[in-house]
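First the structure, in the form of C-alpha cells, and then the observations on it.
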Amino acid sequence: MSRIGPGPPQDADTSRLETFADGVMAIAITLLILEVKTLPDVPGSRLAAAVAHQWPSYAGYVVSFLTIGIIWVNHHHMFRLIERTNHAFLMLNVVFLMTIAALPWPTGLVADHLRDSGRTVAAVAYGVTMECIAIMFNVVWRYAAKDKRLLDPRVDAAALDRASRNYLVGPVVYAVATLVALVNAWASLAIFAALAVYWLLPGTGPRSSLLVPPEEGAKGELSTG
Amino acid sequence: MSRIGPGPPQDADTSRLETFADGVMAIAITLLILEVKTLPDVPGSRLAAAVAHQWPSYAGYVVSFLTIGIIWVNHHHMFRLIERTNHAFLMLNVVFLMTIAALPWPTGLVADHLRDSGRTVAAVAYGVTMECIAIMFNVVWRYAAKDKRLLDPRVDAAALDRASRNYLVGPVVYAVATLVALVNAWASLAIFAALAVYWLLPGTGPRSSLLVPPEEGAKGELSTG
Amino acid sequence: MSRIGPGPPQDADTSRLETFADGVMAIAITLLILEVKTLPDVPGSRLAAAVAHQWPSYAGYVVSFLTIGIIWVNHHHMFRLIERTNHAFLMLNVVFLMTIAALPWPTGLVADHLRDSGRTVAAVAYGVTMECIAIMFNVVWRYAAKDKRLLDPRVDAAALDRASRNYLVGPVVYAVATLVALVNAWASLAIFAALAVYWLLPGTGPRSSLLVPPEEGAKGELSTG
Amino acid sequence: MSRIGPGPPQDADTSRLETFADGVMAIAITLLILEVKTLPDVPGSRLAAAVAHQWPSYAGYVVSFLTIGIIWVNHHHMFRLIERTNHAFLMLNVVFLMTIAALPWPTGLVADHLRDSGRTVAAVAYGVTMECIAIMFNVVWRYAAKDKRLLDPRVDAAALDRASRNYLVGPVVYAVATLVALVNAWASLAIFAALAVYWLLPGTGPRSSLLVPPEEGAKGELSTG
C-alpha cells in the first residue's frame, strides 16, 4: 500500500483505486433497492395490488443492477491490463464513478413515472446518465491505453486497438437508445433492458472482447513470459 | 490485482470478486436498519408504546441480518474452494448479489404489514426473495463445481458431490416456508426466523458440510500437499 | 483468499472477516448522517433557527460516530492477535456486527426526542444498544482468547487475562449509564458522550491495554522471534 | 493483517486503516445521490420543469462528489508516505472521516435552499464542513509528519516541509470561501465549485505537490534503494 517503487512517485499500483471503485460500485448497486417503496401506508387488503402495481420499480432495479454489475465486470477486466496509476488517471476514475453513483436517481425517476406522461423525460434522464457512464468508461480506458506506462507491458498494440474499438459500442448503442426515448419511451427502456440481459450472456458484447476471444487469448495479445 | 498469469486471460483470481461481493453483502446487511423507523412525529408521552409497537421491525432486522450473515459465511466457505473466475461466473455472482441486495425491501414489507391483512402478501414476497437467494447460491456453486478449472485442484469429487447435495437443503426448506405462507403467514415467518437461528448454531446446516465434518476435514477431501 | 493451508479446513485466515467487518462498520458509521435532517420544507427566513434547533442531531452524530470509530480501532487491535477463524467465530462476529449496524436507529431516536418527554425511552434504547455492542465485543474476544488455535501463538497468557479484564470495563460503564437513564436521561447521554471523548484520547481505556503499555509491549506479551 | 512485527505492538501497518477510510469515503460519496429527489408526486406533464428546477441538487452532487474524490486522491497520496499507524493516528483519522461523512448533509441543505433566503445559512454550513475537512486533513498529515516512526524512512525533511506548507492552501481558501458566504452565498458556492474543478485538473493544487514535481520526484525526496 505505502510501497514506493523506484519509478516516478506519482505512479502507484492500482489496488487502492480498485478497492475504492469497487466500493462505490457496490454501494451504488445496493442503494438501488431504496428506490423500491415498502408501501407502509397501503391497507393490508390492497397490498397485493399495490405490490403488483409497482412492477416498474422491480424492473428498474433489475436493469440498473445488471447494468452496474456488467460495468463492474468490465472495469475488473480493464484493470487486469492496467498496472499503475497517476494523478490524472485517478481523477478520471473519480468522474467515471460520479456517473455510476448517479444511476439510482434516474432509475427512481423511471420507476415513478413509467405510467404517466413523464415517462419521456424520465427515459431521457436515464439514457443521458447511461451515456455519460459509457463515455467516461471509454475516456478512462483510452487514457490508460494511450499512456503505455500505465499498462501491463505484455499487452500488445493490436489487442489495445481492438478493445478500444469494441468499447465504442457502448456509447453508440446508448446514444441510439436515448434518442429513441424522444419518440417512444417504452421502446427506449426496452432497449436498455435488452442490452443488460444481452451483455449478461456469455461471449457477448464489448466487455468480452477486451482480452480477445478465449480460445486465442493466452497467446493472442499477451506474451506470457 | 492486475496479475496476468500464464493461464487463459479470461480467468483471474477471485480476490476482487470476493471484495465486491463482501461489499454488496455488507451494505445490504447494514441498510436493513433503515427499515426501522425512528418515529420523529410520535409525542414523547407515547414513545414507549410506539417503540414497543414496532417490534416486527426489530424481528425483521434480526432475522434478515442473520440470514445475510449466514449467506456471507457460506460464500466465504465456498470461495475457499474456488481459485479462479471467468466471465460467466462473475455474471452469475452479480445475479446472486442482486437477490441478496433486494432483501431490505421484503423485510420492510413484512415489518409494516405483519399486523394487518397484508401479512400473507408480505410473507410470500419475503419467501420468494429468500428462495431466489437460495437458488442463485446453488447456481453459483454448481457452475464452479462443474468447471474444474475454477476449483482448487486439491478438492476431491466426493466432497463436491456432498456439498452440492447439502446446499440443496436451502432452496427446499425456503420453498416449503414460502408455500406455508399461503396458509399461515405467521408460521412461515416463524420458520424463516427458526432457520436463521438454527444455522447460526455451530455444526448445523448445509454451510458447515461444505468442507466435511471438522474431525475428518484435513485428510477428507483435501489432499494437502 | 482461497488458500487452503495444511490445518483443518474450517479454520481460515482472518482477512476476509476483517474486510467484511470493516465494511459493515464503515457503512453504519456513514449512514449516521442520514439521521440528520436537511430541512427541505423550512422557509429560508427560519433556516438559521431550524439548523440551530436540531443540535441534538449533530451531537448524536458525533457521539455515535466516535463510538463506532473507537470500536473499529479496538476491533483492529484485537485482530492483530487473532490469526485464524472458524465457523462459530464468524457467526459471533456477525451477531456483533448486528449490534453495531443497529446504532443509527437509537441515535435518531435520541436526536428526535431529546427535548420532549420521550427522552428517557430514547436514552434507554440508546443505552441498551450500546450495552449489546459492548457485550458482544467481549463475547467475540473471549471466544478467541479461549480457543488458542485462533490466536497468534506469540501472545502470552498474562496479556490475555489482562486484556479480558480490561475489556470488561465497557459493559460495566455502559450498564451504569443505561441505568442512569431511568433516573435522568440527560445525565445518561452525557456519560455516553464523555466516554466517547475520553476513549478518543491517547492512553485511555480498555482498548489501549489490549497490548499492554507501549513501553513494555514489544517484550511484554509477545516473544517476538 | 494480523502480522505482529518486532516493533512496538501499538504500531501496525496501514492497510486496514486505508481500507476503512476508503470505505467511509466511498459510502459518503455515493450517499450524495440520495439528496437528489426522485420527485414521485410530480404529475408527468410537469416533470420536465421539475427536473430542470432542481438543478441545484445536481450541482451540489457534482461539487461534493468531486471534492470527496479529490480528498480521496490526496489521502491516497499521503498514505504512500505513511508506513505505520498508532492509536492516536487511528483516532485522528476517525475524526477526519467524521467530517467527510457529514458532507451529504450541508450538500442537501444548499440544494434545498439555494433559491430562498436560507442560502446564506446553507452556504455557511457547507463552508464550515469543508473547513473542518481541510483542517482535519492537515492535522492527520502533521501528526504523521512529526512522528518520524510512522513515515517511510526514505522521505526527506525538505519534501515534508514543502508538503506541509502546500496542504495549508486548503484550510485558507476554504476559510475565505466560507467568509465570502456571509456577504454573498452565490459567490461562496461558486468558489467551492471552482476549486473542485480546478483541483481536478492535472498539475494543480496542494495534492500534487505532496511528492514534489514529477520530473524530480524519483530522485527528489526519496532515496530509492
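Per-chain residue numbering starts at 1, and chain names A, B, C and D are given in the order in which the chains are listed.
Simple rule for what comes next: a contact is a pair of C-beta atoms (placed from the backbone, for glycine too) under 8 Å apart; a residue touches a chain by one contact, two chains touch by 3 or more.
Since the model is a prediction, treat every value here as computed from it, not as a measurement.
Counting only chains that touch, the fewest steps needed to get from chain A to chain C is 2. Although chain C and chain D carry the same sequence, what matters here is overlap: shared residue numbers make up under half of all numbers found at their interface. Chain centres computed from CA atoms place A at the largest separation from chain C. Once the centre of each chain is set as its mean CA position, chain B and chain D turn out to be 35 Å apart. We define each chain's centre as the mean of its Cα atoms; on that basis chain B and chain C are separated by 25 Å. Across the assembly, chain A contributes residues 19, 23, 27, 31, 34 that each touch 2 or more other chains. Shown here, the protein chains touch around one cycle, each chain meeting exactly two partners. Every pair of chains in contact is given here: A-B, A-D, B-C, C-D. Contact residues on chain D toward chain A in their complex (touch as defined above): 13-15, 18-19, 22-23, 25-27, 29-34, 36, 38-40, 42-48, 51, 61-62, 65-66, 69-70, 72-73, 76-77, 79-83, 152, 154, 200, 202-203, 207-208, 211-212, 214, 217-218, 220, 222, 224.
Touching chain C in their complex are the following residues of chain D: 1-10, 12, 16-17, 19-20, 23-24, 27-28, 31, 34-35, 87-88, 90-91, 94-95, 97-98, 101-102, 104-105, 108-109, 112-113, 116-119, 121-122, 125.
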